[in-house]
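Below are two complexes that have subunit A in common, paired first with subunit B and then with subunit C.
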Partner chain A sequence: MEPKIKEYDVIVIGGGITGAGTARDCSMRGLKTLLVERLDFSYGATGRNHGLLHSGARYAVTDKESATECIQENMILRKIARHCVEETDGFFITLPEDDLAYQRTFVDACHAAGIRADIIDPEEAKRLEPSVNPTLTGAVRIPDASIDPFRLTMANIYDAQLHGAETLTYHEVTDIIINQNRVEGVRCLDHITGQTKEFRAKVTINAAGIWGALIAQKAGVTVNMFPARGALLIFGHRVNHMVINRCRKPANADILVPDDTVCVIGTTSDRVPMDTVDDMRVTPEEVEVLLREGEKLAPALASTRILRAYAGVRPLVAADNDPSGRSISRGIVCLDHETRDGLAGFITITGGKMMTYRLMAEDATNMACGKLGVDKKSETASTPLPGSEPDAPKPAKKTVAFKAAEGRHGTLTTAFSLTTDIVDDALVCECEHVSVGEVNFAINNLNVHNLVNLRRRTRVGMGTCQGELCAARAAGVMCRQHEDAANVKTDLAAFINERWKGAQPVAWGDNMAEAQLTATIYEGLCGLNQYARKEEVQ
Partner chain B sequence: MENEMQLLNISEYNFEQCLKCSICTVYCPVSGVNPLYPGPKQAGPDGERYRLKDPKFFNEQLKMCLNCKRCEVACPSGVNVGDIIQKARMKYASHKPKLRDQMLANTDLVGSMATIVAPVANFFTSLGVSKEILHSVMKIDKHRTFPAYASQKFETWFKRNAQSKQDKYAKHVSFFHGCYVNYNFPQLGKDLVKIMNACGYGVHLLENEKCCGTALIANGLYDQARSQGESNMSSMRSAISKGRTIVTTSSTCTFTMRDEYHHLLDVDNHDVRDHITLATRFLWQLIDEGKLKLAFRPDFKMRVAYHTACHMERMGWVVYSTQLLRMIPGLELTMLESMCCGISGTYGFKAENYETSQKIGAPLFAAIDALKPDCVSTDCETCKWQIEMSTSVKVLNPISIIADALDVEKTIELNKNH
Partner chain C sequence: MKFDTVIMGGGLSGLTCGIALAKAGQRVALVSAGQSSLHFASGSFDLMGYDAQGAPVSNPPEAIKALPEQHPYKKVGDIAALAEQAQQLLLEAGIGTTGTATANHNRLTPLGAFKPTWLTTEGYVTIDGDKLPWTKVALMNIIGYLDFPTKFIADGLRNAGADVEIKPITLPELNEARKSPTEMRATNIAKVLGNQEVVTRLAAEINAKAGDAQVVLLPAVLGIKDDKLAQLLKQQITKPLHFVATIPPSVPGTRMQALLRKRFEALGGMFLNGDKVVAGTIAGDKLHNVTTEKLEGTKLVADNFVMATGSFMSRGLVSDYKKVYEPILGVDVDYIAERPQWTQNDVFDAQPYMEFGVRTDNQLRVAKDGTTLANVYAVGQILSGNNKLKLCNGEGLDMLTALAVANTIKK
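Now for the complex of A and B:
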């Protein structure tokens, strides 16, 4: 029997922050919306950046437009995504090898873009952020902050769902359905069931990040993208409490961000060929650059345990009149393929930054609404995301685990903090204080199909032990959702291998010992290797 | 990769060296009996990451930690789990010490006052009605019996009866007697003087001994503990400059001054630490080096069970006390399994901890009651109180047993030539 083909107003391709934001905006404006994602939400560049709520200062000197967008979105996100943001503030520091004269240029550019930038005494900077390189010769305080991209994406997805949107993960677009120069929908491969499915919509929005170039190709149009790869390192605990940047022209490893329980140094920036964008392995050379430069921001990094290395690919877009890519902007690119390529019903939203996702979503949704004849303004700038409602009741419990969960889910924590079941309070992940209640909440509400999904929703396995103890416990809780326990074992093996992939580039010292213990537990004790898929066996 | 990169991973109290193996939690006496306690791993290195993120993640449950340091002994990676927990309490605890905590902590001050009116104080604290008042008003558990106060302080006895004779010896040690010897049980100090004198050592008090501060640390009076620590270090430096080792009879005082001063209070003791030693270790090392011989009474007979105090385990010094006891020909020594007795200084005296305290000690009490030894020996005075309160067996410091068994005349004779 032919499966029924579903009809929508809008199909959004891509479950990164841009796609999630677009699905939210579309559904809030009353459009019948479907979001399809090839793998998991925030799998791509969204989950592979600094987690920095840019003030825009970084772009102030070179790209005023981006800087202005950044500071405006920065202030909006502090309100609508309160629970994903930690208002840390940040510094741009000048080191003896940097030109102190640049500081003036920098501060003037910030002020011109509307960014608060206060020159402060280096001694005062050391007092405010004791981890900073003590040889600094100058410091400028700017409104940088820390933001959790996983939480931000999920809050957008969750809100889109609350507004009636459907969201499908593990649905890879195989074909764009085109009929007489009009995109009428997409054909997807469901990676979980192996089924091919067809979805129809009046408008299809390509929000697939760097993979957007390939989606455009499937639609027979060209979007000239230049994949820029950036690698980062995660340290085992917070060394700094404020964001530390270098006050010079943007370069390698010049931002150190405190994220949740860890801190992250990055990034490198290398143009890579399009056919390598799925290869996220970090090289020893990248690790070396990150460490060498990172230590200059905060010398303590030299002796702090590194948990993982990871890399992401920025979707930089060349202007249509510059196919060589010489003048690449970080600005937002919203393409109406009807006017550009004569292909109706198809929009590509790309470029930009995580910081400006909401504005990108608004632009794309405006364009879609125009095509659909819907006259409704975006309300995403003023409507708090689920978890950030200002007047919601406070979670009742005050245990460490519930305080930690509150940092992840905001007011949604009430959904599992009021339980009286003692098992719900038991910890699945001790490093990151994730309780059984939180895991169940994620499984039931946040599109969890496997342990890696669960990690992105809750931080299970993101702590120092990298899954050594929590993975098996999480698999135990997951078991209740799966009828076939063997799937869970395969999933567990995949999870452990995924954790090892990120730990491997920095596997020395205590990390190596930890990995050895993990291997002993899962391979030696549990014999998990027999359940691992072939390509994952290390 | 350049060679000099990331060679050292240095974190405060080695908290990043934790491999999450959870062995510490298995060995934690509190975790075993009280599910409300998060256990050393969660309270220690796990919690530390969150406290570094935001002090609001400090959890008052950390007060349930006994500071027994058995987690540190168990840790295969050298993480100072107990220190992490204690330091977190020092840094983040918001509750001020109560009057009760002040009273329990100031062993020095309360001891000084109580010894003046010892018979009255002892009578009062032993009354059922006073126990009820202490329990309900002060939250000091009614099941507890306060250690009796002596009517004459050890220092007073020493100055009147022993001090003048000490200079005649060729060799000398300084004695850190501690509050327990001074106010509650001067006999232990007298026993030490007897042994040291027989071995040819003159015994001297420190210029100005202050309580080591362990109870102050446990009850949150850190500034006072620090200033007493500084004072003790200065008194000890003066003794060390005269070539004297500082001997002690209390494992906890010794541990506090050697390790906690530096780890928790930031008191610089690097030049003093190695000169502070337990008297049993001092004696055993001399014997081991052939510099000392002990002779014992042939008629001495005793069945002794040795209890390993937590801080003895942490210092790794059990062997000195037990080897010394084994030298006594008439002494039959049984090693009790090393476990916490549950009292942990002032911890077990608090009403809120009584139940946990007794549950922790229960297997130890059962083992002692089954063995029925003539006495239990331990190097810690608070273990002594706990075991005496919870079993029918009396408890003696190894020094008291050795003093009792020692043939003084023969020992003097044997060591004449040294």
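Now for the complex of A and C:
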């Protein structure tokens, strides 16, 4: 245990987008802030969704409040996080098996929520988006876009740090410290060192996504969450360049989003028991549903290589007067446990969606400021995130790696691309054009403890080869920074296994060939299996 | 065109079979799609490194006796004799090796691990047991070359008791090449270091940096056509020099492929490069001819055919959502029908798909729809019933099954 117990104004539990956004807002308002995350930033639902910047249209018919929140946040994120957003626009298409009459209801609901929604001719839709199912009978154009949740989270974390926040990954909350009906801090297990640590704060904010139910339990209060699991598939190239949705009541696998060099179909939606939320392996049944439904949006998916499958768990919250969970909202839930449960100094922020994170953060921070007697308004809606500032110095010559990195880090790229060392330009990852300089920047600045962290920061190993050779190169570069070679080899083995977790559910065709080649290189040629440990925590 | 034997596949197994048959006076055509798994080679030849329980093997012919009856090694006959024949074939192709079938030695991997192996290309690191032949090592690497993780290799050598110093080296030519971010790959570096004058300056750089080490270790980035430049470098270095395998692309593998092809062609074999067999005509229980992608309308007729097209990674086997199949002739394949059972959750567990392959009789002849084809043989990784990763036997299986089939055909 550390000799001195550290004191903060606010402790934020959870390093997903909600926690990251909350830490940013708190620190921008001058609060002394600590964020603790059990594993890695964006490990949970934040890193396991479509990467869709909803227009809100999907919710317009069923949940006007959510739809309005979405379109407002959509417009804000295009400005403050422009380096994370690709302005693609999208369609809601009607297929022969769908009811075309629903289109009118849909468009009216969109307009009522303030969402641009233009009915266009199916022929025009085919011209704008050639991959769309040619049998479509109707199309509505709406302002959907794609957003990179990993970048978005890191930009929030990085800015929180610039405003003085401390952020600790691999710190799992084991206890909530309560004294006379007041939460006074948390006890954490540091998974890297094995130490137990105590942190004190006047306010503790539970922003742990689905795991927030367990955090609330530790504090002795109940938040009625219903884990809703969603599986998705990533395809090896961008089949579509606009988002394609089905114009019907939300159902399985009815959204196809272009993200960077790939596209993503999803999701399934299944209520699952709370004790399965850490089991993210995708089942053959989920793969079958996703493929069958996905091909209806864009028939070319049938002949496109699937890179990997993944699943996340949405933190859906039942209203307090509805313990059965029949009336579930996707809206934001911000709970003051002092007024609700008589437990002071404790706030839960949950529900909502990845793309309404900023508003969620603002709500939670407003509540915390109220408790702390701080009278300062949120400025997150108008202050660009690091990487999205309007003006930043640029190098005279832009290398391939610089251009790729600029896509990932925006104006931050300058920080690691103006070096004079030519070795920094060497490419670690050829699929995603990740340079040695970018890897070093991530290791030094973005809380990178292992290769999976590095992948989430830079996209190393996310390209079509899924880490076939770049993983070994990245491990070598990691090793120059971290001295212990044996640990990095074990980490490399864990990384290859983590990639396999996503490839295994779709291991046929080219994927099986790639899996065998990867195994031939890492186990056959290199003997990496000699360093593998069972049951790795990622 | 009429041949004695047509071979499909230009990797280690296909070339071995082709060379053995051509040397016996046969008229052989070999159809090669281009790159083979030799491009991922270590520079060593594994015969059987581990037994079915994962324990290291010291005497492969003895250990092979314990394999199940349906294992392809059980269909080839005298393992030790074939192994000797294989080593001789390599030597005649210009690939000198050290090692013997009845006593494995260890090779040093690009991550610094030791793995039991049968033969190692001359000039590469070999280790008897766990004991290194030297205590003070200069481990050199070219600045900016990322496919040779020196810290990993040093870690492995230090664990075995060596005192290792890592020494970065470079030349003006390499500094120039580094300006293009993708140039620093083994085969490209081998081209930059591709003449005597550069090698002489490289030797001077190495000598200047070697210090008081007993031995110099260098990534295998020299000699893409033959080992003349490697020999020249050795002569000019004041200390013993050994090469260590790199992360692919593999320079020793590329060289082996070139030397084996050269040998095959010198023996009169016809090497159809960049082409592949797409179909065949079966009459009764025999394959009469095959057609290729490029030789439109020309049929390759032969008395015997050999399938050496490899496993999934070489596209000799193909899978889809529902099944596993052999794409050229559609011959019978051994695999598990239920797709979820093709794989295991842990990537380093024995993966069932690794043992999928074409079904053969005890002479390694394939079957179609349950009927054995009397003149079609399969060799190498396309065969069912072997896990090359767990048994650590890839090159041995390639060469020994190829030689066994060549011996059968010669009769």
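A few notes on this one:
By definition in this document, the second predicted complex is superposed on the first by the 529 of 538 C-alpha atoms of A that agree within 3 Å, B and C clash if a C-alpha of one lies under 4 Å from a C-alpha of the other, contacts with A are read in each partner's own complex, and residues count from 1 in each chain.
FYI, contacts are C-beta pairs under 8 Å (C-beta built on N, C-alpha and C of every residue); 3 or more make two chains touch, one makes a residue touch a chain.
Remember, it's a predicted structure, so these values are computed and weren't measured experimentally.
Contacts of A:W500 after superposition on the shared chain: subunit C is touched, whereas subunit B is not. Of the two partner chains placed by superposition, subunit B and subunit C are both touched by A:A513. In the superposition on chain A, A:L525 makes contact with subunit C only, not with subunit B. Looking at the superposition, the partner that touches the larger set of subunit A residues, subunit B or subunit C, turns out to be C. In the overlay built on the shared chain, the residue A:N224 is in contact with neither subunit B nor subunit C. Of the two partner chains placed by the overlay, neither subunit B nor subunit C lies in contact with A:N445. With both structures placed on the common chain, the touch criterion links A:R292 to subunit B but leaves subunit C unconnected.
By the document's definition of touching, neither partner reaches A:T68: not subunit B, not subunit C. In the overlay built on the shared chain, the residue A:N366 is in contact with neither subunit B nor subunit C. Of the two partner chains placed by the overlay, subunit B and subunit C both lie in contact with A:T399. Annotation: subunit A residues 284, 291, 399-400, 427, 430, 469, 508-509, 513-514, 517 touch subunit B in one complex and subunit C in the other.
Note for the complex: subunit C touches subunit A at residues 37, 40-42, 109-115, 143-144, 146-147, 149-152, 154-155, 175, 178-179, 181-182, 184, 245, 247-248, 311-313, 315, 318-321, 339-340, 342-343, 345-348, 351, 353-354, 388-389, 392, 394.
On subunit A, the positions that touch subunit B within their shared complex are 236-238, 258, 260-261, 284, 287-288, 291-292, 302-306, 399-400, 403-404, 427, 430-431, 433, 463-465, 468-469, 508-510, 513-514, 517. Taken together, the subunit A residues at the contact with subunit C in this complex read 281, 284, 291, 399-401, 422-423, 425-428, 430, 435-436, 469, 472-473, 475-477, 479-480, 485-486, 488-489, 492-493, 496-497, 499-501, 504, 507-509, 512-517, 519-521, 523-532, 534.
Residues of subunit B that touch subunit A in their complex: 1-2, 5-6, 8-11, 16-22, 38, 41-42, 45-50, 52-53, 56-57, 59, 77.
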